[in-house]
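Below you'll find the structure, written out as structure tokens, and then a few comments.
For clarity, chains are labelled A, B and C in written order, and residue numbers in each chain start from 1.
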């Protein structure tokens, strides 16, 4: 029995692949499963492989906790604000990237990419120190501004790819029929590029909702969002609390990404990296 | 000796038959074209021969031995694809030498054989070029060299000229034919262009909807298409409904004598445009439109007594007239060829 | 066009420049955050003293060793795993299994980073579910959580979607005909992989290597929660110095240092891809 026979044997190879896929699935899913179990457990001691007692008491604890309420408030106000501000800033630039050739275009592209390429925490620390001078530490707008940085790439690249994919001929036909450039943008370009723009909006929103590092550095102590609260929860509270929290924080992600999945084309992301 | 036989080969896709009970023999050294509209199963058949697809039924043999247990790597076939064939990160030399290097041939021999293959396809000395520097025609020549350098027993070509422009297609196809002739390699060539098939093949296998309708030499295919679909696909054809009584066949004002057969019932009469010619004493016809194609004129005729217009090809230099006659026709019953028909000498029109 | 650049300049370049100056010893008088720091080195003209002190400290040596260790293995394991997944997603036989894999590897994208880390803690940690499961079979288990391998685990788990997506899109760019032509000429799977697939997929690979390196090298959340208290990865050390240790100058010096390392890596990527593109055209 040589190695090549082993490799060529159909059923054996299929069995091995099945095992490999199963192992990979376990690697990914079992930690999440553990968290789910914790979220509905009231007592789970080692070495039990399932909780000894189930219950939802920690859910009411979490919902009644004032820290959680405050953090939820901040999360739900910063995320939409960041998304909106980012959209206003970046969409026109995205359109420009997709349509016009201007000097230093390549430079701007690279600069945008480069800003994303540096260690985030270092950047946030430098920004935090800078913000201190303007009294932005621990403020709503401080957090919004610092989160904005992380959104620039998503909100420029993906819509740029979407705009770029709109056939020029459709816009030209509209111009030919008498529409002004602005009219063309809102009547033709934007509607067709909408899926890509929606994906960018969703990813930006989720990015802000899930953001922890920048908010930790700049927002503390006044502004805490849900993910930042998680840092304390992990250490100071029993596991079910963190688990409940995790489930709560994951729900919007899952929902929105299911919606976006229909629009989510890896091609958009990768096209941006290749240089547009 | 490299004789290919498809025995009752079938292939299903999502419950539908892409290829249905194909029986075809390719003689050693023959160039057979698989011809048909897209979706007819010709590419599927070729890929089954190459080993990229497995038949669901039937067998494909080379000199009597089944090819099915072998993957494409092991079969003595070499394929030229339609496009995206060359590896962009290798220059011409490495593209052509790739298969040779896998076979542990000495460096000197590899260089020699690559040089020979490139000379054969008309690209001597191009070893150092990269694919992006080559034109479409040159790329396909390199792909051909790459296939031939392996000295395969069977050469497979999957619409190799379809992505090239018209003039190049014409010149390259005769080059391919000459090369294959000189080397004596059994060749299967897939195309949807019937003119290309007619120009290149020893025999053409015409397929529709997964079924082989006819496999014959081009002239036979042209003169006696076995089914109505083949008649329609090859060249241009006029179709008229006809009624037969005994050996006499009438299609409107046209009357024919069926060679040696007695039929009844509804039939279709098929007439080639070049077999309709202007001559006195024929059926009154009026030219409704005309296209000058250079070496002949394509004329649409309204013929008295016929509903549908007829197409006629009039050679350059010849004129039109007031009446037309027909040289010959072929007759179909239920879509199948039943025989040839010759026109009955015209009586004076009433 | 201007707005994102304006954002970039005000939010990134200016603070970065201020931080750079600070790391070179120039303490801005008007910045309380900086001036209130402990152990400040303050000079009139730029000096490397801050860095000298930093590099000389034993803690730094240990931290950088940990950081490089974790980064190296994270990049290696993540790239290898992601490539396998991308290859299987493109060439695997068995449509259903392939679709399962394609859905699985996108999963971490749905999970916010900090939650993924917590999930890993509850499963792989001491007295976690994995240990309980292995215990059933009387297999002893040493948790990697709170050790270097815990960080590697977290980086690989969270890094899969990005890496696989990028490598997959690169593989998609290899036409089926190019693969078939190689098979037709007699190439085995290994030859296909090494002579055709890998060479044609170099740019996405470089992107994955570069961005993963940079991401892991300067990461905070994953090492903070999954790694040991000491030594620390650079990102954690930065934050600790800035916050708890009240040594913003050290923190900023660390930031500048990590920027420099990542810039070098980034430069290698740009140089490599430009050479690639030049070679192609």
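In this section, a contact is a pair of C-beta atoms (placed from the backbone, for glycine too) under 8 Å apart; a residue touches a chain by one contact, two chains touch by 3 or more.
What you see is a predicted model, and the numbers here were worked out from it, not measured in a lab.
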Chains partitioned by contact, subunit C not counted: A | B
| item | value |
| --- | --- |
| Taking each chain's C-alpha mean as its centre, the one farthest from subunit A | B |
| Intercentroid distance (Cα basis), subunit C paired with subunit A, Å | 17 |
| For subunit A paired with subunit B, centre-to-centre distance based on mean C-alpha positions, whole Å | 55 |
| Residue list for subunit B, restricted to those that touch at least two other chains | none |
| Subunit A, residues touching no fewer than two other chains | none |
| Shared interface positions of subunit C, touching two or more other chains | none |
| Residue ranges of subunit C in contact with subunit A within the complex | 1-5, 7-8, 11-12, 14-16, 18-19, 22, 30-34, 85, 88, 92, 94, 97, 100-101, 104-105, 107-116, 118-124, 127-133, 135-136, 157, 160, 165-166, 168-170, 203-204, 207, 210-211, 214, 217-221, 224-225, 234-235, 238-239, 242-243, 248, 251-252, 254-256, 258-259, 262-263, 266, 270 |
| Interface residues, subunit C side, partner subunit B - complex | 175, 177-178, 180-188, 191, 195-196, 199-200, 280-281 |
| Residues of subunit B that touch subunit C when the two form their complex | 50, 52, 71-74, 77-79, 81-89, 98-99, 102-103, 132, 143, 146-147, 150 |
| Touching residues (chain side subunit A, partner subunit C) in the complex | 14, 17-18, 21, 24-25, 27-35, 37-38, 46-49, 88-90, 92-93, 96-97, 102, 108, 110-112, 114-115, 117-123, 125-133, 137, 145-146, 148-149, 152, 156, 206, 209-210, 212-213, 216-217, 227, 230-231, 234, 239, 242-243, 245-246, 249-250, 253-254, 257, 266-267, 269-270, 273-274 |
